[in-house]
Amino acid sequence: MIGHAFMGAAHSHAWRTAGRFFDLPSRPRLTAVCGRSQESVRRAAARYGWESYETDWRRLVERADIDVVDICTPGDSHAEIALAALAAGKHVLCEKPLANSVAEAVAMAEAADRARADGVRSMVAFNYRRVPALALARRLIEEGRIGTVRQVRASYLQDWLVDPEFPLAWRLRKERAGSGALGDLGAHSIDAAQYLTGRRIVSVGALLETFVTERPLPAESSGLSGTAGTERGQVTVDDAALFTARFHGGAIGVFEATRFATGHKNAMRIEVSGSAGALAFDAESLNELAFYDRSEDAGTAGFRRVLVTEPTHPYLDAWWPPGHLLGYEHTFTHQVRDFVTAVADGVDPRPSFAEGLQVQRVLAAVEASSTALGVHIPVTS
Amino acid sequence: MIGHAFMGAAHSHAWRTAGRFFDLPSRPRLTAVCGRSQESVRRAAARYGWESYETDWRRLVERADIDVVDICTPGDSHAEIALAALAAGKHVLCEKPLANSVAEAVAMAEAADRARADGVRSMVAFNYRRVPALALARRLIEEGRIGTVRQVRASYLQDWLVDPEFPLAWRLRKERAGSGALGDLGAHSIDAAQYLTGRRIVSVGALLETFVTERPLPAESSGLSGTAGTERGQVTVDDAALFTARFHGGAIGVFEATRFATGHKNAMRIEVSGSAGALAFDAESLNELAFYDRSEDAGTAGFRRVLVTEPTHPYLDAWWPPGHLLGYEHTFTHQVRDFVTAVADGVDPRPSFAEGLQVQRVLAAVEASSTALGVHIPVTS
Amino acid sequence: MIGHAFMGAAHSHAWRTAGRFFDLPSRPRLTAVCGRSQESVRRAAARYGWESYETDWRRLVERADIDVVDICTPGDSHAEIALAALAAGKHVLCEKPLANSVAEAVAMAEAADRARADGVRSMVAFNYRRVPALALARRLIEEGRIGTVRQVRASYLQDWLVDPEFPLAWRLRKERAGSGALGDLGAHSIDAAQYLTGRRIVSVGALLETFVTERPLPAESSGLSGTAGTERGQVTVDDAALFTARFHGGAIGVFEATRFATGHKNAMRIEVSGSAGALAFDAESLNELAFYDRSEDAGTAGFRRVLVTEPTHPYLDAWWPPGHLLGYEHTFTHQVRDFVTAVADGVDPRPSFAEGLQVQRVLAAVEASSTALGVHIPVTS
Amino acid sequence: MIGHAFMGAAHSHAWRTAGRFFDLPSRPRLTAVCGRSQESVRRAAARYGWESYETDWRRLVERADIDVVDICTPGDSHAEIALAALAAGKHVLCEKPLANSVAEAVAMAEAADRARADGVRSMVAFNYRRVPALALARRLIEEGRIGTVRQVRASYLQDWLVDPEFPLAWRLRKERAGSGALGDLGAHSIDAAQYLTGRRIVSVGALLETFVTERPLPAESSGLSGTAGTERGQVTVDDAALFTARFHGGAIGVFEATRFATGHKNAMRIEVSGSAGALAFDAESLNELAFYDRSEDAGTAGFRRVLVTEPTHPYLDAWWPPGHLLGYEHTFTHQVRDFVTAVADGVDPRPSFAEGLQVQRVLAAVEASSTALGVHIPVTS
């Protein structure tokens, strides 16, 4: 595993835990973790249960005792690491968004295609697909329970940038993060919308906005937290991204990704309206799925609050009795379960790098549309 | 009152009831109602408590015993009636949207301006301003409780067109209704967004869609209901309207108006995010306002569910003890109270025809943007 | 109508309005209102639309131009007025609880039985039966949609007495009100529980408590409000009433009525659990009914939020399109509709005085149990 | 650890995980697990990460390489194991309820007192105290944020026994489980109520009910699941327990524990009403705490939905950024953290066996009251 901050903690937990609840074809070994600072990677290894550590990702990628490389770094290093790892014959699990540009993502998807011929697998970590409620939503849509999809409304609402003195963390710098709320949050919404509906977004019209253009440089920084220093720097990414979309096959959607939604901490919400029903989800009520079934008599129809903790629900047979909730990190545990199982079965885990590339193309089209005053831009393919 | 369908019933109730709960400067008399069919207007007069009736609105407008003309007809006749009524020196209350085109709305706003010089008042019936929860939201924003407004998210979700066999009612014909979900529902959202924030929308980028382009012609029709006949006709308005917006002063917003939001009956929702707090409303929980106060300690901050039934809340001193809810028609009663009070006080009731015109300009810009592939179109002024 | 405070305003509205929305066999005339103070009853008559007024209820009861007597006074005068009205051959609608003692209620029920022989009708005003959501719940239970009823949980939560300086209004004096939260709020819960389940309560075990035993005497008082004076008096009723109950046929229930539920304004809640489903209601979400259908597959089962605004729902065909909410006073309008219709049809309106008496017996058993340290006391019959 | 079913899986996870997120004074070693069947305990050891296993708990208790004994068996063996473990000088963590009788619990509390003198610690596993939302509620009450506590309403609603063909699992047999919903669910509510308010329950009046008195004997059984066989046996515990309570200091409460609350899976709910505010919790919304602050202006007061995921919230600094939820098993991880920390610090972990005994006394009083027709029974001390 490369990187050991927020995502690294979550991935480590998943690697340690998946085999304790799921029947895996083989139990993962936490062989080595990699970070640039020897002191902090040493501590991370001890804390998270890794047997060894490296300070140079190239060394880790070359180690013969490693089968899987898990990339938890900021987006600017995804492509280089993934290409090297695939070239070295390692299976790769890469955090989202896949890359910081379409060009990088194309190279990664092509490398993944080549590697596949040698039985080397790759996957991009859109972990919301492993929320049981969303996996259930996908199942219900596949079964036709909401009929023809007409509309999607997706918003991902956070508020950690409302304070103008919040420091200029790496997520606010284009060269590290690629984009702002768009790539960090919007990418999840885009993937979820396409995953749930089974339809690609074909065009987008967008408006990006940066409300606070200058922030204190961080004295030190780590992901979402950090201490403000006295100097200031330019925010080079979007604070909020709004866009409308057309899906292949005729559905339309409206998207919002923002770090300025005062009062919302992690409201990743998505609703899909179909000709026969509707489904709605909010990550702040992680274990619930709202389901409206139009086939019911109008007199007793209504959105049902399905508590997604039944043994028949996706992933739930491994956990607790009905009504006992799962948390955020379970999505990573499920991801490991699916990744390890697919590798052992010799099939491609999903979402593939090609799917990650397609999300990247949507992100690029959103940025292009915003630059072009919002005119609808086709998503290339 | 001209027109006696859905809106006519609501307005009649309001005229009858306002003086029973509020101290009005004068008690309204329900002098005459007007409709084209003698038989049905006669029945409406008896049912709703009007002293007399007319079958030609021109006669009603000319009657000396009438001070106020209340226009409850479809949008295509608003301009003609309003101009005649103002010319005849009658105060005018006109249903929304103000007109079916900017040109008509301009004429109406100009006529309203001229009439004002003679003490004749006019008002457009955006009744959601009279929902106590939204009036409270406006008050809190004016008091600075949410600081600088950054973002608006507004959706108006209905689902009565999901059934493709629902007949082609007048609301689905451009020549009668002007537009579809946009003018019927989106107009409310636009007015509410501008009213709450105190900021005008200056540009919009839009996507309109008609999912079901042909529907059975109605055997008979009345507003939202009707029986399908055997012939089919073209739907000439939008089923759903999505748009992003920029407000004067820097805020941005995302809007959705749709009659295809399966499972939602009348979910007129709006949330305003500011630098110091946030407010959210949903008409399906009509008596509630969600309020997030960023000045609270993070450890106990959270959206509050304010039950807007306290005697200090707008309009509430006239009603019941705390916790006893109001319904939809109260908005019309409050509207009558405000209209009658303003007329008696010799001040202009709000929203004025000029405000109605401005909403019309936004609607026109939305349609123009949609035609122009979503490029952001400035709202003229 | 006798009495013109909070309930008088609600009843007046109902008498004025029922015929405007419902097809009534005859339109009610608001002939006369009665109150002890000439000045205030005169004002009430003008405000609420009564043609005349009286200051002595005996005169009103004897008037030949009156067919119906509507009793909106505190409980201590219900029996005397109702007996006189029935003796005078007037139909009687009486506010709840029916009386302040079982003895009074017995006399009233017997008088109602005698009057019935002459075609004179009587009804007790448990208005929550006329909430569409509760009427729908009753319909669903009658249809067997939740199977055999096992459990009831009912609470009626208000908080207007949390302030110890709230004055000693008439509702806090046993000689006027009979009891406190128990009779005011608990009576509604008891009636609703029996109405919904179709089962009588046969025994109760109770705990009554008065948290604040002394309060300032009111300088003036009216129902729930009032200004505190400087002298203090004894609170002689319960602030909160808790009890468990057994129903005929084997179900059990738990009840809470309180004016000390901080933060709750009028949360009249009831949930019924059955072998095939469950229903839940909260008056602070007046237009919603939660319905759980056990016949659904566990994977998609969940409480549905039914918005009770469909034309097929009880009373709703008279009102607005789906999604447009009703308020508190609609329950009184529905009550008038049902009362007037029953009288015209020559059938007994429900709930009858006998049903009111049975609720009174439950209230008496609750008080007796509380005195007897909570031991389960059978409800006499 | 003794026992490796539902609770064993949760405890194992906690022992493995606590040190990965929290700074523990020492990292727990999972030395040995014990179960009666060699085959299944061997599999459990491998699955859950225990280094060795035993099939006789007496052997485990005597092992020199073990410092802590964690008792996860049904209630009928708690006393014997705990007494032996304490006698052997092992720290003991014991699942709730502490025992199946007051006599056993007395013996355990006395043994814990004696062991304490030798620095041996013991704790009963009321894990809901480690739900961050409830720990936050306790903190707010201690800080006086809701003033003087007046009322508690607590319900623990499950529905897994609604099906009359659900087999007669060990939890339905008095000799194994002690009681039914009362000890399994009600014990949590009692502990939570006393923990939150800081007040002991001093008397209770109760009604216990068994709706389905005969069930199929299980072909095999494990906790909440199992397959029905063809023979039938007697249910010897309560399906539902309702009781009212008086707390030391004047507050009152109402409790319901049931396995017949159709549609509710694990709704452990508790609300505390005070003179200055109120707090409410529902385990089906595990990461939320509702808080009503009466010191707010009535015009903006309302229950706040506090998302308990801020770094300042109890236990949360170890986990994810705000808005990322925790699950059910985190309560066990927090429990291990607190237990291990207390042992290392040489202080008594809470809740102590004495507290567990006091809950047992309340449970006994509830049963005694139910037998005595609900009369309020003092809780002995």
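Per-chain residue numbering starts at 1, and chain names A, B, C and D are given in the order in which the chains are listed.
Keep this in mind: a residue touches a chain if its C-beta (ideal position, glycine included) is under 8 Å from a C-beta of that chain, and two chains touch if they have at least 3 such contacts.
This structure is a prediction, so every number in the text was calculated from the model and none was measured.
Among the pairs A-D and A-B, the greater number of C-beta contacts is found at A-B. Centroid distances built from C-alpha atoms place B farthest away from chain D.
Taking each chain's centre as the average of its CA atoms, chain A and chain D sit 36 Å apart. Distance between chain A and chain C, defined via averaged C-alpha coordinates, is recorded as 54 Å. Averaged C-alpha coordinates give centres for chain A and chain B that are 40 Å from one another. Touching two or more other chains at once are residues 301-303, 307 of chain C.
Here chain C touches chain B in the complex through residues 6, 9-10, 12-13, 16-17, 20-21, 47-49, 158, 160, 223-225, 264-267, 283-286, 307, 309, 320-330, going by the rule given at the top.
Of all the residues in chain B, the ones that touch chain A in their complex are 146, 150-151, 153, 155, 159, 162, 164, 205-207, 209, 211, 240, 242-244, 246, 250, 252-254, 256, 258, 260-263, 273-278, 292, 294, 301-303, 369, 372-376. Interface residues of chain D facing chain B in the complex, by the touch rule stated above, are 136, 140, 145, 291, 293, 298-307, 310, 312-313.
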